[in-house]
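A short worksheet on the structure shown next.
As written, the chains take the letters A, B, C and D, and residue 1 is the first residue of each chain.
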Amino acid sequence: MTDQTPALRLDGIVKTFPGVRALDGVSFEVLPGECHALLGENGAGKSTLMKVLAGMHQPDEGRIFIEEQEVVLPTPLDAKAKGVVLIHQELSLAEEMTAAENIFLGELPRKRFGMVDWKTLFARAGEILKKLNCDFGPETKVSRLSIAKKQMVEIARALTVDAKAVIFDEPTASLTDAEKVVLFDIIRDLKADGVGIVYISHRMDEIFTISDRLSVLRDGAYRGTLVTAETDEDEVTRLMIGRSLDYSRNVQHAELGDIALEARNLSCDPLFRDVNFHVRQGEVLGFYGLVGAGRTEIAETLFGLRHPSSGQILLDREEVHVASPADAIARGISLVPESRKEQGLVLGMNCRDNMTLPQIGDLTAGPFVANGAEIAIYDQYRDRLEIKAPSWRSIVGNLSGGNQQKIVIGKWLAMKPRVLIVDEPTRGIDVGSKSEIHNLIRELARSGYAIIVISSEMPEVLHVSDRIVAMYQGRVMREFTSDEVTEDNLVQAISGIGGERAA
Amino acid sequence: MNNALTWLLRNPIWGFVLLIFVFFSVSNEFFFDPQNFKNILVQTSTIGLIALGMTLVMINGNIDLSVGATLALAASLAIDIQGWEVFASWGSWAILPGVLAGLLSGVLLGALNGFIVWKTGVDAFIVTLGAMLGVRGLVFIYTQEQSFFAMNFAYSDFGASSVGPLPTLAVLFLLFALITHLLLSRTVHGRNTYAVGGNREAAVNAGIRVGPHMLINFVIVGFFAALAGITLSTQMGASTPNLGREYELWTITAVVLGGTKLSGGSGTIIGTLGGVLAIGILRNGMNLMQVPAFYVLVILGTILIAVLFLDKQLTRRGKGELRT
Amino acid sequence: MVAETKPEAGRPARIRRRTGSNAMSVFAKQGILIAFALFIVGFAIFSDRFLSAENLMTVIRQSAIIGVMAIGVTVVVIGGNLDLSVGSMLSFSTVLVVDLHDQMGPGLAILVMLAATLCLGAVNGLLVGYARLNSLIVTLGMLSAIQGLVLIYSGGQNVDIVNQESTWFAIFGRGYVFGIATPIVIFLVFALLVHVLMSSTAFGRRVYAVGGNPTAAVFSGIRRSRVVFTTYLISAFATGCAAVILGSRVMGSQNNVGQGYELLVLAGVILGGTSLLGGSGNVLKTVVGVLILGFIQNGLLLMGFAYYVQWLVTWIVIILAVWLDVAAKRGRLFSPIA
Amino acid sequence: MTPKMKTWIAGTTAMAGIALAGGALAQDDPVTIGITQNNVGVDSYQTTYEQAFVDAAAANPNVETVVLDAGGDVARQIAQIQDLIQQRVDAIIIWPTNGNAVVPAVRQAHQAGIPVVITNSNIAEEGMDFIAAFSGPDNITQGAYSAELMCEALAEEGQDPAEASGQIVQISGQPGYTTAIERQKGFEDRLAEACPGVEIMETQPGDWNREKSQRVMEAFLTKYDTIDGVYSGDDNMGVGALNAAKAAGRADEMAFIGATNFAVGYEAMERGEYYGSIYQSPVDDAEAALQTALDVLAGEDVPKLNYFETPKITQENMTEFSKPVF
């Protein structure tokens, strides 16, 4: 492979931000027709490297070559013009514009007087969308597309130029499994056309599915490149964090207590219908299903953010009506939400204030907030969750994803809930922190919490749950104990194949 | 029919315009009259012209509070300069340098606002709130608190003139509305306006130069504010330093009634036209019906809030909404 | 549990840059105070009367009305909303308290006026807090509607307190408490109270949370609608207090007495460094912001400039002050936008 | 507010009546007179004017009115004039928001054959050809009267007012408004003639607003150690200045002269705190305007300029005047 001319090559890239060396002499290459995965924990320098590649950052030292021609990439547009395209993790589309306009954003074809040449635009965009097997036309407004289809628009952007290298940054973060398959087909097509792919992801299974080689960054430095077919997860993990991880199936059976929470024929039209489940003290109940299967919506209903259209919620075997999150909290239900940045944290607030927010009304001495009590709570959960923050005064927005997530978890543990619901506990955080959070969930269950874990990652659900509820299109398809569940029957259940319908 | 209905659902303000139009037509005999429609068009043209530019700025996710003061400055310059000794021998052509100077002042002030927003990164609301005070100061410094009068009646004749059956000012307004509509819906700059307001990050990454882009839109709103000042001054044949006070508030109101989101990214000229007409028809209709002035204030305020409320109910996402 | 977690690259640097003691971060925290000091020194050089205790007291006393309102509006803005209706509301409250004074005596008049003003605040609060309408437009509509209400109430007539000499109502605008003019005392005590409310109570924390991230606040069990509603009550209450000072100071009122105050109040809040995005801000800095406006007006007047020069200066000061604030927060002078 | 509602209803009914009659104006048919005022509610003068106008019209069975208010906005006033033309009223009375700016609209009314009467403050010279008449006070003369009062007030015991000397400050009305400009001009011109020894140290606007004027006066008091007199564009602002001076304990050292005598100014004069003002009755103003319009409609030969009397008022002659109702 090495005798080929690399599509893209970086040589000794150094990038410093005031006070820190984000990239310390990183070299990296991707060959035409190769999918080269880039791994590293959060903060290892992946994003910086990616931004250097895409022309969003300028390196302090080092050189960039495209097909062995040295280039300078002062702006994203220059990078794109030279055939290097970045597909963003967070969708960067203008909602009120058509798919075609988004695809050609920044370089809409012009006629006289700066008018848009709609004919050319729609024709070219239509061609690309067709190539991607999209079932919507180029004139569709983006606001009417689903998240997966929006992602397709994002990918279509890469195909507007004669791309030499395409960088995917966590492309599957919001995709369903079926959509992932389509994405991987597209990546294979690109490879077949001789395009070099840089694939950044936290998900090990994807990397092993799609990549040819993988390179690892740690602390801003290059740690080595492996051929995917010749390595395994352990080796990669060791390279990333300097140790190996236990990521096995959950086989522990905790001592179970009484039923803490139960749902009977719970419905919230049209999101989910006739859902039945219960969770005992000391038990972790996993919810697995595709995005949109209704899992998050069930959690939101239990937490008072939605009102059920019918059915019952029982807490300690007594029927309750959860009117609002405040009500849920008062009843001992806590929810670690799906999106920590949008739902979990006030990013501009400090660590302590975020952590004590749900109980601030109780932490008072007379009319005032009791400062000491607040700090005591923060210290307790900082130690217990090993949160790395300079001080309680640190603004949460400045912490890493893993530490932010621990603040959210700490915030809800501090409420000492009877039922803890965790929605996507490890989304977008690095491998090291992931494992810590999994262990934490198990540990909490052992100490008697009733826990509901919602996840889109099968290894995660298998790893932490005592029982698993498989959902498909708003209905519970099947409930598994950890003994009877296999990857195969779980996948089948969430795809609507087989499984006994729990009516 | 179905098409018309979906169109109306997307532009609910036109439904409201239709409603009050019918209401006033039925309840007041003077309302339904071609001459009155011409009056309404001329009366709305001032706020209307500014609203055209404001729509662009607001789709960008910005706002311009300084338009009222800009309007006064342009009007004062236009009237004063056409009376300068230097142009005494120019006859009616003396109007030209005055009008050009007025328009130029609007363009320059718009550029200044845009430049400050671009370079400092300070929120446009704050930048233009400052400018709203400061430009008014400029007006008073320039005019020394005086009103100016256009010696040449040709100037105010223009304001009262007609093109065919329609008043010139109405034609001018509709013409610019059409041009702005085409600008926004057909040109690259116009389409980029939605991108910059809808997702600035994406626009930056796509290589759109967001700073200069926003500057151009501020220049456009400055130009329209100045133009509105000039057309208003042709109606009066004069300018006053207090001209245009609170116009920024009514303009923003009209644009928001027309469906443009304050957060940016969406809005249309057709909607804005509806918003402007709604306010114009309400004012005209209430004048004709002799609603006491004190009540007009209450009614306008209430209707503004009510329309916002109804719009929210209409566009609500339905049952899937989270109770946050 | 696994102990090794890497801090994200770039993050420690940013934290260091913020807490560091370089000139930029001093500006970030204290830019407004520095600007304040510069103004005072500047005016003191050009006018020998400026720094007299008498003049300083005059300025603070004059700023008290806008100041008290600005404190209320700061709370609304921290909660992520705007309140433009305070100008008309001031007219309303002042006309009401002055008109009722002669009918029911000062004590009852103040109570009835406060109750009525709180009702207006509650309307704002219901529409913005519970109905979730955009606050700019709602309060703009209320600005117009309340102005109409005032005129309907008074029939357009000025109101006056007939017997001005023998009413204790005079104390609020004209009197002295321990040798300090009452408006100053009300202004500073109110500022202090609201500062404590915002910085040391659960309610204050909730307002910051709702302004910073309303969704996360709801997910934390905060009743967002109620919090927003309450911020409007506070703003209305502040306006009511300002009306007492104003009514007592003038012993009469015109119907449009508060016209245009909404923007001056907002200018003071902005100068105090409160972000219009919500979630951050400081009541005491609003006091400084309002005083800067007052000193600009007074200083330029003493220096003999025409009144409209102050508008020009205010323009420049607002942009420079907010620019420095923003620049310090992002660590560079110019915006990185291309 | 009730009479207003009544007029509203009456007006609407009347309009319908006119329309049925086909607009032919016979001798005994009621006439409809439209009025657009400057800014009712901004001060009591204008409000009292409006009430007096409505009352006067109601007293005359042959008169129907359309009462509009421009809210101080020139553009809105122009729109209202157009709306009045649209309604084919028989005559239009205009209280100009700005003397220059309404001229083209007045011209439109003139061209539509509707006679226009200007009330309270006159329009610019260029528009005089298009109006039937002006009715109102003479603001220049009022300013001059105030200047004469100032000279008298500053003259020492037995001294000829022309010999008076002193340093005074002026608080003017809302900048840009005709009344403010004319009073200031009348005052300054006359003062220079009547007592050249009196010097105006500074002029600042009080925007017709008592609180604003109080604030301006507070700054003057800080700035100047000696102030012998204060001239305010109306008594509302004058009382604000008086408040400030009293608070500073310096009210005794200066003379307060105003214009448009308000009730608060009248009372202050009674107490001897306020030297003098100009007595201007909004009732006279309104009745004069209506009468002028009726005279014009009746085809009488009306002079172009109809000033009603606005005499000086001081403590000495104040018993001759009834206390203003506003």
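Operating definition for what follows: a contact is a pair of C-beta atoms (placed from the backbone, for glycine too) under 8 Å apart; a residue touches a chain by one contact, two chains touch by 3 or more.
This is a predicted model, so every value here is computed, not measured.
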item	value
Labels of chains that are neighbours to chain A and to chain C	B
Chains in simultaneous contact with chain B and chain C	A, D
Chain whose Cα centroid lies at the greatest distance from that of chain C	A
More contacts between chains, C-D or B-D	B-D
Distance between chain centroids, defined by C-alpha means - chain B, chain D (Å)	33
Euclidean distance of C-alpha centroids - chain A vs chain D, Å	71
Gap in Å, rounded to a whole number, between the CA centres of chain D and chain C	36
Averaged-CA centre spacing for the pair chain B and chain A, given as whole angstrom	44
Per-residue multi-chain contacts in chain B, two or more chains	140, 204, 293-294, 324
Where chain A touches two or more other chains, by residue	75, 305, 324
Multi-partner residues of chain D (each touching 2 or more other chains)	1, 40-41, 175
All chain pairs that touch each other	A-B, A-C, B-C, B-D, C-D
Interfacial residue positions of chain B with respect to chain A in the complex	186-189, 191-192, 194-195, 197-199, 201-208, 265-266, 319-320, 322-324
Residue ranges of chain C in contact with chain D within the complex	49, 52, 54-55, 58, 62, 65, 150-152, 154-158, 160, 174, 246, 249-252, 254-257, 298, 301-302, 304, 307-308
Touching residues on chain B, where the partner in the complex is chain C	116, 118-123, 125-127, 129-138, 140-141, 204, 209-211, 249, 252-253, 256, 262, 293-302, 304-305, 308-309, 312, 324
Footprint of chain C on chain D - complex, ascending	1, 40-44, 46-48, 50, 175, 202, 204-205, 208-211, 214-216, 218-219, 222-223, 236, 239-240, 243, 247, 262-264, 326
Residues of chain C that touch chain A when the two form their complex	1-18, 196, 200-202, 205-206, 208-209, 212-213, 215-223, 279-280, 331, 338
